[in-house]
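Next come two complexes, and both contain chain A; in the first it sits with chain B, in the second with chain C.
Up next, the complex of A and B:
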């Protein structure tokens, strides 16, 4: 036990040293800042001006290639922030046309984020020229929007599925509900970030390396941490709470190393979108989805057709029986952890490329992964896949009817309702879970 | 290094508002987790319901203070019922996932733009604590012994808070030594055995969930009143997890466990934090800056939680046999 702890600590230490090499500087002083994006793409060259309450000018800035702008202010006070609509590129408009300037309070020692929601021109609300649209046009825009959201939902659902499969398999083989699984995504994304920015490798090279390191990290966790804990006969509830400790530790380690900002990879930050029928997307999203589908098919067929996969499913069904029929349960569990962490790391990199990269990204999708897993049935890998896709599509499509910021609420509410009606999930077997 | 400052701050934190709030949150969790074995990961939701019930009634609807308190308590009861109906028949891990989801639902709803007029969006609500501070018997000024002291407003919050903690502890002591409390502990040990004795396990669990939730809501009141403001992101899942750390540190299934746990947790947290900040400011530690101290501090909380559960799951006061829980 002691040796194991020391070895794992050494591994963690190595990881820390690897990651520390790119600790970012922390921002000091008050300011206003924001990121201008339209449909996930940065919007460059937009002029933002800041004045005091008494209209005394403070400064102005233009959004850079990542859509970011920042204006320092002299002290904590209330400021008026104005976006110059004339500098918006063609095809992009403010979502609320009457809200070009915002009056905001800046607190001491903090930089206040300013949000100007941007949408493709024509989708803006509050414009004067929107009366009299024919009802048939309304209907077609509804279905266009539906298609777009369903596509985005599929995109989200595939990422969730990658993480959820790991959660589900780890639960199936060890009984552990791993609350630190979201952090496996984040760790994977940030290892790729280090390879990408510190060592200057192209993302196409950094990503596979990160997946390998994430896999080693998963193996290490099982070999030197969870495995010994199981051998000490720690209770499952104790391990569940321990996993929360692990999650808190990893999350704040990443905050410590990289700061709380959103950071971009060096490649594939901005891409020109294109249209496929009613759906507008970017090449990177399509590639990411392709990779996700490929990996899911690979993992799925490995589970179905290889000896190892069959052994995994046997352990998942009944570890004691599997062990008595000659399957090395510990080895299977280690493989599950390694693969689970590697796949989660891949999900993190893809999430970081297409959507967001910060220390909380994994935590933010953790509950959606749990929703997917529960919906599909805890412990069943394919249930997790189906459940995650349903959750992803549901989350995005529900924004047709409910405000976007409440979309997660819808998914979580559905999770609770499903547990009421069919607690074993869509693909789960009916057994005692109460 | 100003050791005086470091120790003063640490002791103030150990008896200060945070310690009181977390003591109440953890007493509630103790009823859920320690005595009944319910793995409630949504305690933050109960605090949020309490705080927002109070703040919304007063700040948005202009009701009197006591109506706000009643709404918060009633809200906690309703939240417990809503949470309990689908989940209490489920296994521990499902219960954990659903409760954490429910707490997040509460947070996301009160921070939504759509309900901004009622709950104030991400900025939260203010201007609901005047009635509370109008009842303050302390005249303006500083109160304290030696370097340790609080202003009159904090003194009032602390007085109310520690009285509530004491009352909650007495109540928990009485209740857990009653036949009702023994049934709860029996449910924790073996639910099926209790069911076979003809007890309605579901009803007992529900009562425990309501009881612990209401105590959590008291913590929510104090959280809101002590800051004279309430923001949705104060009620993130981390409150729940820190409350678990507090509970396990002090010792689950012990009446005073959460209280001692909260005091020690905050004392240590602020001791380490202030100590590190001082060390950085005086260039004793040079490889980090002052903003990173916070994240190191929380990393230590994570490590502490892990080590506690591995090496001393019963905490300071607990009995190891009483918390030999397993997922059923």
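Up next, the complex of A and C:
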């Protein structure tokens, strides 16, 4: 019903404007108008007066049964509009007590709308008790916002952690600082996009397929690219620069293939939120977080308890010693690359589901992933996890005090402070000198 | 160090050689042979151009504003077609070179400008984004080329030191902000939140909306600028949520597809609060969101309705067009440049710029290139009235009169016009 009314008024409004504009643009002339409403109900019989800047009277009007009033003015200029508070019906008051009159400019050929916000009397009245209530309300909104932001931080931190884990393991086993890791997220997300849209598979099916393909992509990169480079004894700095090149290449390849616009998956777009206590969230975010936690636990326990995991940690600690004790270092590195890329691909798919797909999505979180890895301690998988969560929470919660457009600053400040106090990172081991 | 120096010199020579080679390569592509330039100069001492009007289109094929690209390119193409059908400019057909402007995150625009300048463009039409235009305006105007945007609305350009070479057919956001603020007040929202891009377009328009809302009796309870490259916008939205607004003005580009789900998630969907879009994001979202996601959202776009006849013609140029945003402005920009070159009898950037203001106002009215050209040839003063509006330039090269269209989204996530507001900018 309400929608119908809105649509009808919009239609009428459009009709009026169309009819008038068809002759000469604004033949009806300048004026001031408005609608007085309190809680959606029209307020009738309120006197509005208009005077010029020099206090010369122009006209006055009373709001009609629909709360509307309109006063024509002779020409475009600045006018003072005053609402006579004495004529307000009982139980209705101005929301802003001090704003009974407004001084505003009417522009050539247009009617200017004026709003006097009205509220039930009492709500606008000041007073000590009211002030106390307001400040406690402020406090509760502060904690609500805090809870929401901490939750969002956890959400972001978990995605970062998935990517950071891979960066950290690859760095640990090969010494490579892989700047193309952000693009592994993007590639994973877009592989799922191709399965999802071109082949029409449901996202639940497309996502695991994409993770597998992303894993193969990681394996291929190591097998045919990074592995040979390492065997030819390329320097670590050279390899790092190469990884920046790979990142740029992949990013613009995706731009070329998919265009620069944001694209969504077919399913789970723009879900309605729901409340859990002070936190509003969507089902898809909760599912995504569940998957992220599960994968992190799986990877973590695999590192701790399986033979492969132990071998990986051994290679991480000292590749030469690991090789001499019979561990096939190349095989471990290949597995690390495959798993790292698969997990990064998963992170990309989840990021694409909860946010949106864009060829720059990986690059946008790359800095945060590096911050997480460095904060936690380079080369330690669990350090990357802790560091990422700290970074994620800090990015979001810091917006309580700093403007949101600067939110990454908070995380990087924490990074600097922690590294000043603990150069090896939160969980990193002190490096031996000599 | 001593050993490196000869190598460095060799590298420098190689680099210089390769530059020279690419310059030659570019020269071959260019429509005008270099030898014709001195000839034109000697025949008419006042004219500095090469006799062929070369238009460069610097419009978005990729990036945040890629959705604005197709109608803009089509507008330019249609105008060039009509101009050439009418015999071209200064007796020669007009050449058009299309390039991509990208967006502010990429450096595509400045490469495109290099390419256009190399090919001796006399006027560059673009870019769509004010932010992109700002990155290339110095390069273009320093080369003595006209920079003519069909879609820049940032108020900054009115006062920018452009050497008299910057023009636009889109009205400054002073007008759009005024209309949008008035619309919000008309809909009865007294507490308004503004969420805007942190760039010259977003902050400029946000300021104008705020001015209009506060002077109209409303209150701006939150004004949050966001970083367009942020990984997510949950913090930005929760900042707005804390202010409990009744209406939200969302001044964004393509990030809208990321922000709307976030608004819905935090309980600020269009069914709960009134949401307003601007020209940067009033687009067709039928592919992006499930049905009904945007129902009721209103948006403003500068520009009058494209007449049916124009729509038909532009659809012949590009049958795939989904909407016509800034198509008329691009068409008018192209016509104005061509007419100014005719009026000046010179196709150089400075020659065109010297006549643009004059042909836009005060004189015999005409509505398309052919009729205007006939008047010019008869020695009359003309006043070009375009599809996008009367196009009367101020001395700063801004249109002084313009129309802002008001649109509303339906269940199908497409927008329909609900009215127009005309206004003057002094």
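Everything below uses one rule, namely that the second predicted complex is superposed on the first by the 298 of 434 C-alpha atoms of A that agree within 3 Å, B and C clash if a C-alpha of one lies under 4 Å from a C-alpha of the other, contacts with A are read in each partner's own complex, and residues count from 1 in each chain.
Note that a contact is a pair of C-beta atoms (placed from the backbone, for glycine too) under 8 Å apart; a residue touches a chain by one contact, two chains touch by 3 or more.
From a predicted model like this one, the values you see are computed outputs, not experimental measurements.
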| item | value |
| --- | --- |
| Which of chain B and chain C A:234 touches, first, second, both or neither | first |
| Touched partner set for A:285, first chain B, second chain C, both or neither | second |
| Partner chain(s) touched by A:246 [first = chain B, second = chain C, both, neither] | first |
| Partner chain in contact with A:269 - chain B first, chain C second, else both or neither | second |
| Touching partner for A:116 - first (chain B), second (chain C), both, neither | second |
| Per-residue touch tally on chain A - higher for chain B or for chain C | C |
| A:403 touches, of chain B and chain C: first, second, both or neither? | both |
| Touching partner for A:255 - first (chain B), second (chain C), both, neither | both |
| Those residues of chain A which chain B touches in one complex and chain C touches in the other | 26, 255, 403, 405-406, 408 |
| Residue ranges of chain C touching chain A (in the complex, touch as defined) | 62-64, 66-67, 102-103, 105-106, 178, 182, 185-186, 188, 190-191, 198, 215-219, 224-227, 229-232, 234-236, 238-239, 241-242, 254-255, 257-258, 260-261, 264-267, 269, 288-290, 293, 295-296, 403, 408, 417-424 |
| Contact set on chain A toward chain C in their complex | 3, 6, 10-11, 13-14, 16-18, 21, 25-26, 34-35, 37, 95-96, 99, 102-105, 107-110, 112-117, 141, 144-145, 148-149, 152, 155-156, 255, 259-264, 269-273, 275, 280-282, 285, 351, 354-356, 360-361, 364-365, 368, 395-396, 399, 403-408 |
| In the complex with chain B, residue positions of chain A that touch it | 26, 171, 175, 177, 229, 232, 234-238, 240-242, 244-253, 255-256, 367, 370-371, 374, 378, 403, 405-406, 408-409, 412-413, 415-417, 419-420, 423, 433-434 |
| Sites on chain B touched by chain A in the complex | 39, 85-87, 89-94, 96-98, 100-102, 104-105, 108-109, 111-114, 238, 241, 244-245, 248, 288-289, 291-292, 295-296, 298-299, 301-306, 309-310, 313, 324-327 |
